[in-house]
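Common to both upcoming complexes is chain A, partnered first by chain B, then by chain C.
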Partner chain A sequence: MDPLLNYAIFFVTIAGIYAVWSLALNVQWGLTGLFNIGIVAFVAVGGYTSVLLTVEPSATFGGGLGLPLAVGFIGAMVTSAILALLVGLITLNLRADYLAIATIGIAEIVRLFLKNEEWLTNGVRGIGGVPRAFADLGPEGLALANMVLVLLCVLIVFLLIERARRAPWGRVLRAIRENELTVLASGKTVKYFRLQAFVLGAAIMGLGGALYAHFVGFISPEAFEPLQTTFLVWVMLIAGGSGNTKGAVLGAFIIWAIWSGSQIVTGWLPPELATQAGALRMGLIGLLLVLVLLFRNEGLLSEEDQRRADIAREARNDGR
Partner chain B sequence: MAELLQLVIFGLVLGSILTLGAIGLSLTYGILKFAHFAHGDFMTLGAYFALSLVVTANLPLLVSIPIAALATLIVALIADRLIYRRLRRTRPVILLIASVGVALMLRSAVQLIWGPNVQVYAQGIQLPYVIPFADGAIRIKPDHLIIMGGALFLVASLHLFLQRTRVGKAMRAMSDNPDLAQVTGIDTEKIVLWTWGIGIAMAAAGGIFAGLDSQLHPVLGWRLLLPVFAAAILGGIGKPYGAIAGGMTIGLAQELSTLVISPDYKPAVSFAIMVLVLIFRPRGIFAGRST
Partner chain C sequence: MIKVEHLVKRFGGLTAVDDCTLSVPAGSITAVIGPNGAGKTTLFSMIAGFLKPNGGRILMDGDDITGLSPPTLFHKGLVRTFQIPHELSRMTVLENLMLVPPAQVGEHVWLAWLQPGRVRAQEKEIRERAEEVLQFLDLYRLRYELAGRLSGGQKKLLELGRTMMIEPRVVLLDEPAAGVNRTLLGKLTEAIQRLNEEQGYTFVVIEHDMDMIAELCSPVIVMAQGRVLAEGSMAEIRRNRDVLEAYLGVVED
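Moving on to the complex of A and B:
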């Protein structure tokens, strides 16, 4: 196959996985205002769950049940959701900034657990030979089929969240974000709604983790670093338009294009600087984050535009 | 018994480092009203400025500390002018996200300038003082004495500053009740400047001590951020004296926890304490009157 086409397929697949994470963060932060900077924890738990459920049995680590991939994907969502439920019950009553610190703590503990509990996770050596979806299609068919699978997941998650956002449920979430007291006064159990949003977002993050692990075919604690898995997702959502479902997807693709573009540019660096490429790109994420906040903090597609579109649509429906 | 005492000493050393970080974090949190997530990376920056002064310019460490602190402060004020100040009118959480961006840029700059590898202030192994005690012996490295002595000196100076000077009193007033402080004619922009000055200088010193205690690496401060936050929350946000107590408590708790749990999970201890405090005493265990 044409190498350019190959690269395009790879690009869309990874960007699609990021879009899943970005959509998940949109439920937590965009709609509900829950400040999660421990995305990596839920992604890694989902990824590891799916790998341990589906990989062939091994003598060196736990799990290895050799189950079908679909079971792995569902398992990933369930364990991430359970982790979020436990964390959420303890921390969701906290202010946004305290929740942020708490989620950093969760991410740190998950990282330590994956590194140290070798009996389960094989420690820092990681787990190889992770089964890939559509493995019997040959390398080219596999890449294409995986891309379709990821895009299908993006579509399903997108439709689900868009539906939820427009439903009364989504309105309650946005109301909680804007003014918690009013929502309390109108008789809603704020904590319960926040917990639902947090758990739903985390389950989707877990699904993205499983997609990623099965696409790469290898998993280790280092595969999920906060920089790429947490902060890049944040930049994507904020740049795309926090609270705007289309914006979350658009942001993922645009920022992933910039991010991979920066990889191509740093590839041209002389070898003595090449080891520093990672550091340069980390600075780039920070710079992008700050620039978006300073100059367009509502993102490319703002929530306001979306709201106007919603109102226009409802007016049309009424007129019919 | 000797083992326990040894851990207490390690705990006091770690506590000194965390205290210096927590004071600044608590003050910026209390006065500027946002969680400054780049605080840990400013600690890293201070440590690396001192590295250049000690290794390249051959200055003694104690002379390097104030110079490195000043250099770090200049960087912090630039970040304040270019970024934070422009966002101060928006919601605090926007400032929080911006500070994460600043943290990433700082870490990137440190790694580009000084390289990704582990570095130390002085090569070679330091011989510890061995003090025989009961059933064993306690070892204290000279560096440990510098760290504890330095932290004690800085905390004592802060105490005098807060109690004796007009600016210090104004800072406490701002932290306790910003509206009331403003009404009484306190120049808030000046206080903001002093808050950065004290907070970042303390953070730089804390970063240098952290590097002295073990090694310097670009994520030195980021790794300290969680326990430093835990210390600030434990002491009560905006309360410098609480930050001292919080820092020491977290430092001792982390080291003493190795008696019962695997040292691999040391960072989880500060997290557990923080969550417990947030649930049961969200204003910190030293809530109430702050001075």
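Moving on to the complex of A and C:
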């Protein structure tokens, strides 16, 4: 196949996985205002869960149940959701900033766990031979089919979030962000809705983690790095438009394009600078974030535009 | 209906509500009046579960409800309005009201996904109710406006509208008349009276508008410095020496 086309398929697949994460963060931050800066924890837990459920049994690490991929994906969502439930039950009662601290903490705990609990995770050596979806289609068919699978996941997650956002559920979340007291005076248990949004977002992050692990075919603690996961996903959501579901997807694709494009640029650097390439690229993304915040702090597609469209649609359907 | 016994609330060194004991008869429209800073709003906030008292207890129909959360009390039929309107400013007027009804199918995210038809049907009902309330409050034509763009008086009305979205048992109104024009005020007074007579709702009204209180409320409870100063019919209150000094001095000479 044309190498360019090959690359395009690879690009869309990874960007799509980031879109899943960005959509997940949109549920937590965009819709509910929950400040999760430990995205990587829920991603890694999802990825590892699915891998351990689906790989062939091994003598060196736990799991290895050889179950079908679909079971792995569901397991990934369930485990990440449970982790979020625990974190949420402890912290969502507290002031908002505690959640941020707790999520950083949980990310570090998860990283240390994956590194040190070799009996389960095979430690820093990671786990290879992760079954890939559509493995019998050959390398090219497999790449294409995986891309379709990822895009399908993006579409399903997108539609589910949109439907929930427009339903009374989303209305309560919006109200909570505006004035908690009003929502309490309207008889809604605020922390229960917060917890739901946090857990739902985490489950989707877990799903993305599983998609990633099975696409790459290998998993290790190094694969999930806070900068490349948490930070990049945050930039994607903010650039795309926090609170705007389409924006979350758009941001993922654009920032991934810039991120992977920057790799090509840093490839031209003289060798003495090449070791700094990673830091340089991060700096570039950071600069981009600052520019977005300065000149378009609502993101490319703003939540307000989306709301205006919603209200206009409501008004149009009036008297039907 | 509601009994408050030896209730205390301190903010740092300041005792806002100080050993306050009073009762609201079932089916009444009870007024709570008193000078600024008397502790009226603080009392409401404790009854509705927004503030935890430092002492004393609150009973509703004989059950101790002290320290229950606002949503729990809401589901027991106790609703309040805020003195300073707490509108959801970036949501439409309609959405502000549609938020309120309890037991909405679409508040469960899985039902929102799996039974959109059921959600839509219920939304239609809720919307019709909200539109009725807005018609009544003269806010109907503003239903798609963001609530933050309403005038001060209109926000006040929207605040009241929230309590009209459900069938409560006790409604705590914190200065419903402040900033509302005369014609509409007459309509509000009428509505409160009607809901009280026909639906049997109990009202507790904090108000500085003496005409409205005289027309609407009995009994009248006067608070000053966190305590109950006097209690009785408006006529009795007007004759009370202490009250004249503390509060009504300017009304009668």
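A few comments on the model shown:
Going forward, the second predicted complex is superposed on the first by the 318 of 320 C-alpha atoms of A that agree within 3 Å, B and C clash if a C-alpha of one lies under 4 Å from a C-alpha of the other, contacts with A are read in each partner's own complex, and residues count from 1 in each chain.
Note that in this section contacts are C-beta pairs under 8 Å (C-beta built on N, C-alpha and C of every residue); 3 or more make two chains touch, one makes a residue touch a chain.
It should be emphasised that the depicted structure is a prediction, and the values quoted were computed from it without experimental measurement.
Looking at the shared chain after the overlay, A:Ile311 reaches chain C, while chain B stays out of its contact range. Contact with neither chain B nor chain C is seen for A:Leu53 once the two complexes are overlaid on the shared chain. Comparing chain C and chain B on the residues of chain A they touch gives the larger count to B. Touch criterion not met for A:Met77: it reaches neither chain B nor chain C. When the shared chain is aligned, no partner comes close enough to touch A:Met147: not chain B, not chain C. Of the two partner chains, chain C is the only one that A:Ser186 touches; chain B does not reach it. By the document's definition of touching, of the two partners only chain C reaches A:Glu178; chain B does not. When the shared chain is aligned, chain B comes close enough to touch A:Asn116, but chain C does not. In the superposition on chain A, A:Thr91 makes contact with chain B only, while chain C stays out of contact range. In the three-chain superposition model, chain A touches chain B and chain C at no common residue. Interface of chain B with chain A (complex): residues 34-35, 37, 83, 86-87, 90, 92-94, 96-98, 100-109, 111-112, 115-116, 218, 225-226, 229, 233, 262, 264-265, 267-268, 271, 274-275, 278-279, 282.
Listed in rising order, the residues of chain A touching chain C in the complex are 160, 163-164, 167-169, 171-172, 174-175, 178-179, 181-190, 196, 200, 307, 311, 314-315.
Those residues of chain A whose C-beta lies close enough to touch chain B in the complex are 33, 35, 37, 90-91, 94, 96-98, 100-102, 104-106, 108-109, 112, 115-116, 227, 231, 234, 238, 275-276, 278-280, 282-290, 293-294, 297.
For chain C in complex with chain A, the touching residues are 48-50, 69-71, 74-75, 79-82, 86-92, 94-95, 98-100, 102, 104-109, 112-113, 116, 119, 123, 144, 162, 166.
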